[in-house]
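Next come two complexes built around chain A: one with chain B, the other with chain C.
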Partner chain A sequence: MDNTLPGFSLRKSFGKSLLYSLPMILITFVFISGGRPDFSDPLSAIASLATFMLVNVLYFLMHYTGKTDRFRAVLFIIFALSLSFTLISNMVETRNSMSFSQADILECKIPFCHLVIPMMIIPAAFTKSIIFPGTILGSFAGIASMVVLWLVATLVLGRGFCSWGCFYGGWDDGFSRLRKKPLLKKINDIWKWMPFAVLLMVSLTAALSLVPTYCDWICPFKAVTEFEEVTSVESAVKAGVFISLFAGLVVVLPVMTRKRTQCSFLCPLGAINTLSNKITPFTVKIDKASCTECFKCVAACPLFALNQEGIKSGKVSVFCSKCGKCLDVCPNNAIHYGIKGVPSGTMKKFSRNLILFVSFLFMAVFASGSIIITVRGLLDLIF
Partner chain B sequence: MKKIKIFAGIAWAFICLIIILALFPGLGSFSGSLAKLPFMKINPNYTGGEVEQSLIMDNCTLDIRRPVFDGLFREREKGFVQIDWRGNIPEEINDTIDYDSDGSNDFSVRINSKSSETQLQAFSDKVRDVGISTPTSYGWAVRVNVVKTNSEIR
Partner chain C sequence: MVLFPYLMSGTAGVKRITIDLSFFLLSRMVVYAFLAVISWYLGKTFLTNQVVREVVPGILYIVFAMMLIWYAVDRNRQKECPAKFVTTVNNRKLIPVFLGVVNSLGFCPALFLILTKGASEGSLSESLLAFLFFFIGSSLWFLPLPLAGKLKKKKVFETIGILATGLAGVIFVIKGLTILIGGKING
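Moving on to the complex of A and B:
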């Protein structure tokens, strides 16, 4: 059992950090190289090596410095940028455009993403079909593989998916870090319930119209992935909505508030992940014996998961995405990763090591494919 | 009770660790198994429905699909029928379609594949207008909006 005395540190020595990083090094090596490094294409080999180095250096630093969010965010943001790059380059390669045409819809060639999942459920139950023009087992963003990835991640990580697995979250996470201090400090945290309203609305409208209405009309990330070809007033209005929501909720508000406003106020999948936070064994706990109630964690939390009343009663809400930002700012390590059933303040190091391994492994393997493609693309531009 | 809770929590955490370790190597087979479930097929509103008639023409094949009226609980009154031309598409397409196979033509469609201009001539009350007319990777596709007749609704 760990102690709860002030001065307790999560930092590890160089050797110990390396030892803790070894399983990650071995597993990511197997996934990135396929177990057999291929040097026939030097640029691909360099891209794979750079990705391998990046993920493992970040994981090592998490152990060596005892900081979590600082290094998680680097990979998370790179993941978001590289995924958009991969998606756009794939579309430009196959269609010569970032927009998709009516023919792409008719031929079911639209890449599937996890944000469609909330709208699939009711129609799948009643019509025994998926209301999305994608491929079930496609090599690129197939529906079955994305559903499996999300299902497992949300079962294991709960809302941790939003900070360790979602390839869009890095956008507003990144913009929320641009200013050191927020311009807008007072935000009523009642807005954090908004995604449940969005979830209800898009689930019902999608079920009634058999159209994924969130993707069709709302999704801000259409602005950085793919969108419908602007050929009519309706498609122009849609493009306007996508760009406005991206500018407002992913860029401007995160910069002004230092919060992930799109994830907090809009994302319907975030609402489902919030519910699955009840299932995951991994959580964030508050050690009341060490907490001085400085409330630095409340100010730092990007998803409105912490408030002063919660800290006083030693409770973290279900909105927590286990990003680790509160852990990094806590001067006494009073707020810490924990396992459900294990009393707070105990087994801090064990819980952190286990949660970091599980969460980081998911992100590293999930992200590595698109990061390699992006690095390879950049190398192609240079050489 | 406290010890049981701790044991259960740690056991569940280790099961999750194993699940994550198995996820990526097993992704192909997990996805394959999921894809076999009965609801894992694309809705006909997107695929255009199954091909009901396939007519071989000079340079291309004309596929007439099942009319799609699919709704959440039951069929809707308004739907569409999709016609696909596959192969080498002539500059001018002009075909007459009997989509419900009742022996009488329902509409004729004329497409200029260069200008994408599409004209529809309806021979039946059920045929409304052209919903989509677009070149595709396999040739050309047209969706004609249709409605059900009173007897069909009943």
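Moving on to the complex of A and C:
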């Protein structure tokens, strides 16, 4: 069927969807089982099987229904919740507490996350040292593995990392879906530049003080992962800032606006990923021949990447994280995944299949470890 | 830390800096070193009591940070270059030096904040170091100007600068409040 016709659909038959899901089934099977399924521990086997089923059923449904965001979001939110569960359980197991002490800092025992990366670059270039108290090659949240994972993902997906790879994004994505209609509709466009201001500030302060200032003072996700032991007024103020930012930007504002406000207004890594959108081959395009300018996509976009002027001129801004929400709401499939250099409106199915495979595979591989641990933990609680 | 985004959001003319940038920066450095000594001396003379030494900077941080936030949100601020009178100087070689001095003494909220920091430092070397960082941070912006002078005209950079200025203000308000309620903050 012609891609530009109004009746054009991305839905596939059951058999075709299964066929398209086969590569994902095989790769995730090898990754989750390590190539050799082990049934010696029944609870672990059940946890692995449940994760394998979850991942592949969601991927199958993306092809079968032609919808992207609703199934991506399920795995993305589970990923965020399970990662927090894994991190907290690991810390309680190793330290008996969610908080870290000065001794943990001195012994470089702090788990590394990708949000530190913007603050590491300038000090690493000038001092040849990493300003984060973590392990370089550690098996759990080591610096080297996280940097490589982020670098590969951001070069391939650009800001797609924020909707397919970030293990925090699922928090505000989840809260932004709780209400059907937003309470707060008018938000000044200027705020979408805030992450660049945060990036500027934290890069400068980290370079001058050689301390990862974002982690030290601003990161809202300290509230659901780890935090500095409260032993002074300063650490108490920091804890207050973390909790306030989490409550405001990750819970309250996403519920009120139906937007991912932490990702849109604060995250400095999001600013870097926005810049990397310029070089990634994958993008979202608007087929002007099919677009009726209903602007449903503008209202749906959780990251302020679409506006009416952009839709009229057929342009999606660099803020796009390729989450697929606009694709799902478009009544004419006028907005679609595309590859740079290929004219909009053409190769819609091929582009979607390719981008879905790459993005979903990254998320599935990245998320499955923590989901297995979480399911296993829940099974332990039940049995 | 503060003046870099502050300048980014400003609209003062900088074209002439491209000619004698080094003289301009040198004169700024001298003025800042002078201000470091003055602020440290004033702090040492007047902030003798330990309680006063913590309370006064805490209050000043909050006041000046509020001014910085006001600068960021006030869209009707005076946009004319404060160094306009320098154009009346006939000696062309002295112009960048005069500009450097005037630019350094443009008492903005950011400079007030760093003066407060200089006054609350324990030793002269710490005060000098604080001003050195301030000089470096505030000079970075000038370095690419001869090559990329048009950068500043772009609306988006001005927007980011304004937001960063406001953010710096919020950080200093928190810093001031923390100091006031008994915390000590490094950096």
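General remarks:
Basically, the second predicted complex is superposed on the first by the 381 of 383 C-alpha atoms of A that agree within 3 Å, B and C clash if a C-alpha of one lies under 4 Å from a C-alpha of the other, contacts with A are read in each partner's own complex, and residues count from 1 in each chain.
What we mean here is this: contacts are C-beta pairs under 8 Å (C-beta built on N, C-alpha and C of every residue); 3 or more make two chains touch, one makes a residue touch a chain.
What you see is a predicted model, and the numbers here were worked out from it, not measured in a lab.
In the three-chain model built by superposing on chain A, chain B and chain C fit together without any clash. In the overlay built on the shared chain, the residue A:F196 is in contact with chain C alone; chain B does not reach it. With both structures placed on the common chain, the touch criterion links A:V318 to neither chain B nor chain C. Touching more residues of chain A than its counterpart among chain B and chain C is B.
Of the two partner chains placed by superposition, A:L49 touches none, neither chain B nor chain C. Once the two complexes are laid over each other on the shared chain, residue contacts for A:V329 go to neither chain B nor chain C.
Look at A:V365: by the touch rule set out above, it reaches chain B but stays clear of chain C. By the touch criterion stated above, A:I243 is placed in contact with neither chain B nor chain C.
In the superposition on chain A, A:I122 makes contact with chain B only, while chain C stays out of contact range. In the composite built from the two structures, the nearest CA pair linking chain B and chain C is 8 Å apart. Residue overlap on chain A between the chain B contacts of one complex and the chain C contacts of the other covers 208, 211.
Touching chain A in their complex are the following residues of chain C: 1, 4-5, 133, 137, 156, 159-161, 163-164, 166-168, 171, 174, 177-178, 181-187. Only residues 2, 5-10, 12-13, 16-17, 19-21, 23-24, 27-28, 30-32, 34-35, 38-48, 70-73, 82, 132, 134-138, 141, 143 of chain B touch chain A when the two sit together in their complex. Taken together, the chain A residues at the contact with chain B in this complex read 27, 31, 101-103, 105-108, 122-137, 142-145, 147-149, 152, 155-156, 207-208, 210-211, 280-282, 339-343, 354, 357-358, 361-362, 365.
For chain A in complex with chain C, the residues that touch the partner chain are 190, 193-194, 196-198, 200-201, 204-205, 208-209, 211, 217, 232-234, 236-237, 241.
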